[in-house]
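As structure tokens, here come the structures.
Shared between the two complexes below is chain A, which pairs with chain B and chain C, respectively.
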Partner chain A sequence: MTEAAIPSGRTADADAVRADRLRSGLRRRYARERRFKLYGLLAIGVAVGFLVLLLGRIFDQGHTAFYAHSIETPVYMDPARIDRAYPQGTNFELLVAEQQLARMGVQDDAQGARAAAMRGLFSSELKFLAAERIQAEPELIGQTVRIAAPLADDADLYFKGEITLDTPAAQRRLSDEQIGWLDRMRAEGMVSSHFNSALFTRGDSTEPELAGVLGAVIGSALMLLVTALIALPLGVGAALYLEEFAPKGRLTNLIEVNINNLAAVPSIIYGLLGLALFINWMHLPRASPLVGGLVLALMALPTIIIATRSSLKAVPPSIREAALAMGASKTQTVFHHTLPLAMPGVMTGAIISMAHALGETAPLLLIGMVSFVPGIPHGLTEPTGALPSLIYIWENASERAFHERTAAAIMVLLAFMIVMNAAAVLLRRRFERRW
Partner chain B sequence: MTLLFLPTLIVAAVAVWLGARLLARRRQQGVRAHSRPGQFGTLALIWTVVPAVAVLIASAVVTPALEQGLIASGAPEAVAELEPLRRNAFFADARAVADGQPAARIWEPPYAELMPAEGARVARIAGRLDLAGVALAALAALAGALFAFSRIRPEMRARNRVEAWIVGLLFACSAVAVLTTLGIIASLVFDSLRFFASVPITEFLFGTQWSPQTAIRADQVGSSGAFGALPLFAGTFLIMLIAMTVAAPVGLFAAIYLSEYAGPVFRATVKPVLEVLAGVPTVVYGFFAALTVGPAFREFFNGVGASLAGGPLDGLGQYLMLVQNQMALVAGAVMGIMLIPFVSSLSDDIINAVPQSLRDGSYAMGATKSETVTRVLLPAALPGVAGAMLLAMSRAIGETMIVTMAAGLAARLTLNPLDTVTTVTVQIVTLLTGDQEFDSPKTLAAFGLGLTLFLVTLALNVIAQRIVHTYRQQYD
Partner chain C sequence: MAPPTARHSGEPTAPTKIVARDVSVFYGEKQALHEVSLDIPDKTVTALIGPSGCGKSTFLRTMNRMNDTIPGCRVAGRIEIDDEDVNARSVDPVLLRARVGMVFQKPNPFPKTIYENVAYGPRIHGLADGKAELDGIVEASLKRAGLWDEVADRLHAPGTGLSGGQQQRLVIARAIAVEPEVILMDEPCSALDPIATARIEELIDELRERYCIVIVTHSMAQAARVSQRTAFFHLGRLIEVGDTEDLFTNPRERRTLDYITGRFG
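So, the complex of A and B:
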């Protein structure tokens, strides 16, 4: 502007050139600005896109595990084959397979290979169900009974479209003949699809169609109970001491640095600590919820301390001063006023760190939770599984049917975490006070 | 017995509390007392419970040795002659037999016949010791309670005493954090020392051969394990590098966008999404890496290899066609994604800590937003950002599940991201989750690796926290 006022042809020319250069420079700079902004959006897009991909993929892999196929078949309780005194000893699967072959008019060979192949389509649960019926009502021997039992994992996968005829027979777990039988049985209306209740009512099993997450869910719940009972009082106590009572000094400083560093120690190190301290030195039972809960408590402790301290800090000093002025002692001030006011924040932090502990896997592997534990745990000192370690075990299993169940177990785990985090958010919204 | 005693103790404690309260109220009548009756009650309760619990703990510490001595002194000759380990096993089994459970192992005739009688004797001794412990604890509780009752006077400063106990208790809580650190160090160092007694530390740190499969029986072939951890360090470093290549730019750019460009609504929607990404358990990332990303990457590289094979780059094509699911790239990339929210939230804090005046100054000079970010904010925030990156690196080094599920077990000294590599954490899990005997170098090696991991991550954390701390003070 000032330059325009100078009346000189040469400078005006130079001005035009400069303005031109500035304009084009400005264009470049604005382009760079847009590019830069785009990179930022792209980075966020990557993160969000990945989350969508991750969740979508897990749902895609896991939703089929929530239903399963079972078969209802008439069983002639052959008196010649069933031992009245000991029905559990009967090979019901083979019995049913042979009867099924006979009904379908298929001739077996001398070795009984077809009966074995047919038998492979039924779950071993069939045997237990049949034996139970006979034990309850021995008069059924000699009659024909209808029994509904789950199909074996491979047959189930075929009906879910995971095993198809397009795959070369050598790479398939089902032969052409077996698939033919399955199609015929379905056409006859013997096969039905239903909600896979086994997934939620059973413990782990080597057979995918009978494997469920209940054992692991209860194991995880017991572990979290131990964690909460230990980490919560200890964490709140430590935070109260550091925030309200500790004299400023070397020792306090040491404790604070210590807690900050503990929060960043890799979780697997806590596993090593648990193994050396609780199992090898104190001889607590391996793979028990007690040991798991202790290890997770030590892990959760720094987070709980940090969260508690920040919510104690948020309580304004005027509250403390008012209480002290009324003649309350330091301890009374803290326990009657500061802590109750900080409680919503404390609980929020505690729930979030519990949710985090729920998903922690590495330390659990080191204290023995990688071994196969069937059934439902009953106590704190029995070996159990936990949800995250169950996911790890199932992911390693060779049966295809475990893959969808792994994804389903992940969905269960994520559901629990979402519930806990939602509870924390609600708690914060409902009770948080801004001073 | 002890389990029966604990509820009794609780009931007694409540009774003492109520009683002391009542007594204090009665004695305070008409007098100006220092403390409230409830505080006397609490003090009496402390006097009752603390001695009892102390006695119980002491008896739990002393009893095992005492019990062993008593059992051994009265043992029949045949049993006394057994070597100590077998003798203890015999007594454990005898006890099980006496309880009506099956013995853990089969004992030959002279011992088998002794079993029921010995079992009964062992059970009797254990029962008496238990009873003695409980009786002592009950006595201590009684004495404490009586002492407390006798001391209740209106002028006594019960409140101060109770509060001193409470502060002591709170201090004990915060000491647990220090004890945890000491416990970590002690357990790692103790077993590492035993490991380094059999494997020289230089061989461990600089050896290039890692094959920890030691024989279970001494005469087995291939019983000599090699414990050169260099390939593990290289693998860990490679995966960390890949993860940081993904996480550092993406996380940083996300943080810059969120703090400098995004409006409040955008921020409020994206931040929770990033929090969800941070909250997903690592085992889930591992599952995703192993079953989705791994196969996808393998198919991609195999496809590229197939199109290159036969051409001028035949060698590369042949190599790419053989790439496996488990490669460093898969684990590294997924770990990088996992670290994005971590890096971005740390960087977000750091960028927000840069004073607004610096931004305003830059805008006043006519700089665009991106110029302000790259030439003013980032240089000003550099130490803080560097600290955040170090923290992310430490996370990447210590991360276990993703690598365990997606990186593989082959210990190779390579920097090729398409190769299968293994890491320190994977080897710790592998060494400690198989069949193990506790004292073999194989299991102890895990503690050596753990110590290394702990020291490296600790160093990174300390440096990073110091940098971030100094950085924050600069702008406070």
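So, the complex of A and C:
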């Protein structure tokens, strides 16, 4: 079979050349494929790397915010200093500070500067704690009570290692003397740490150890509620109309182009719109969840419309035809068949656009939600804060302890996002039907 | 060189249910049907045959105004069911489609339970007073479609979980649940295997005692098996119509002969 010509003009030689060509070509093709896969992996690696870096840094900075230190100390409730009828009037901090100094054998000076320095180590919450104790159990007056006195933010930071002796004394917030006392207390086993529940149960405060995210979380939640109530019906309704009922023509196309553009408009423009329309013209209360929710609803609307439209488009026409052929009217076809089948996509789009809206800060700036708001909101018309603006405020605060709390607040916001996105995935799975 | 009118042979013995006169259908500028005139008798199976793209499905869809759902589609001419023009302004297509049911090529049950599939039509048209009556309608329809024995114990299973042949029978049950007068079938067996096809053909034979059936089919053998009247379409025109046996054994038109002998198709 060497020289014999195979029918159709092929020789064995030509076949060998062809086989060689195929083989070397194959090598190149496989090499290209491997390179392409490598590029893909690299791209994913870079993205994941950045994500890990980001989350790692945030966690690193923020995890210390979740616990706080306190001093377990016996306090003698001096009846001479405590008014039985009005315990809140007593300066408990000074009381505890003086007793602590005495216990450590430190002599106070004439101006009471040492007592003031010791007092500065304790949080102002101490007086509320002590006063509550006395109010609940007045018989404690005259006795010695063990109290877990929460520390002020600087002392707390010292125990977390944020403030060290390495910094020169002039730049430190704690004096050498105060650090010495703290070391002694730690050596005597008086220092304990506990979960920083204040972070989750209290609203914003100028004192870092008393500052919490609850006010902002509730503010954000109220805003999201308003956003959902407005944007969902409007968005899904508009998309249904545009996709199913509107006559196909130039006007519909024009509307569609405009909606697509609106989805790309910078969010701060929506803030300007909110300011002009809701606050200046309609005189709605500034910085309220109502206004915030309205502005975010406007922002979320184009995304919801686009997501709903594409889900509706994805419903196979055979189902629509089957329904119409049964004698279902246009509206019945849409609501009994098309919309239920499009539901997974609609819900995903809705939840994702709201998760997006949750994290927007720029529009909130313009409607006034970036001011200090202590306390927990109770309604839609009171001024409140929101999580993104809280993060902004804390980041700009001067107290060092807000550093870790900012990262903690970011973690809370991220947790919110993850929960919402997970809900989107779960709901999508549950409602997905096969046709 | 098309003859001005189609060749009609043999008068149908049953009363005429549907009358089409000079029906033309335009998709935008393109004309898909050219002045088709045809009488379709009641309680009979009429088969529409012809090569791909000859307009038989288009003609089928004029009878229940499903062409209305296609943007840019225009229908000219008269189509009368029981002497009533279906395109008249006074006729609501929703009600028309309760009288004229349709079965499609690919089975398309709703992604609901079997029960819900069959009950949908009676429900939206308000044909049942209360659950007991609705249950009765569902059972009767499934029995008439020959599916009851297989699904009686799982009426609340999803309709999409059935086999292809069962799904097509479910779709037929769904169509007859509203007690239509006419059933239009657009190549109902082309997506099914031969055994399922045979069952559907049996079913069609049973159904013709109650309904006027018009079936579009690619298979001439099927047309010969199942229908009593056959109409041959070509390039948007009706070429010949007549009793099935006559048309297949003794066609009058050259083109009909060429088609049924497989010269083109």
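We adopt the following convention: the second predicted complex is superposed on the first by the 375 of 435 C-alpha atoms of A that agree within 3 Å, B and C clash if a C-alpha of one lies under 4 Å from a C-alpha of the other, contacts with A are read in each partner's own complex, and residues count from 1 in each chain.
Following the convention adopted for this analysis, a residue touches a chain if its C-beta (ideal position, glycine included) is under 8 Å from a C-beta of that chain, and two chains touch if they have at least 3 such contacts.
Keep in mind the model is a prediction, meaning the values are calculated, not measured.
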Between chain B (first) and chain C (second), which does A:E321 come into contact with in this model arrangement: first, second, both, or neither?
second
On the A-aligned overlay, A:A264 touches which partner chain: chain B = first, chain C = second, or both, or neither?
first
Regarding the shared-chain residue A:S329, is it in contact with chain B (first), chain C (second), both, or neither?
both
Return first, second, both or neither, reflecting whether A:T406 touches chain B, chain C, both chains, or no partner chain.
first
Kindly classify A:L341 by the partners it touches after superposition: chain B alone (first), chain C alone (second), both, or neither?
second
Taking the superposition as given, does A:N421 touch the first partner, chain B, the second, chain C, both, or neither?
first
Counting touched residues of chain A, say whether chain B or chain C comes out ahead.
B
Check whether A:G40 is in contact with chain B, with chain C, with both or with neither, and answer first, second, both or neither.
first
Does chain B (first) or chain C (second) touch A:F245, or do both, or does neither?
first
Of all the chain A residues, which ones make contact with chain B and with chain C?
329
Residues of chain A that touch chain C when the two form their complex:
248, 318-329, 332, 336-337, 341, 433-435
Quick check on the complex: what are the chain C residues that touch chain A?
64, 66, 69, 71, 94-98, 101-102, 104, 106, 108-111, 120-121, 124-125, 160, 171, 174-175, 178
Sort out for me which residues of chain A touch chain B in the complex.
29-30, 32-33, 35-37, 39-44, 46-48, 50-51, 54, 57-58, 61, 233-242, 245-246, 254-255, 258-262, 264-270, 272-273, 275-277, 280-281, 298, 301-302, 305, 329-331, 355-356, 358-362, 365-366, 370, 388, 391-392, 395, 403, 406-407, 410, 413-414, 417, 421
Write out the stretch or stretches of chain B touching chain A in their complex.
159, 162-163, 166-167, 169-178, 180-181, 183-184, 187-188, 190-191, 249-254, 256-258, 260-261, 270, 273-274, 276-277, 279-288, 290-292, 337, 340-341, 344, 368-371, 373-374, 391, 394-395, 397-401, 404-405, 425, 428-429, 432-433, 438, 446-447, 450, 453-454, 457-458, 461-462, 465
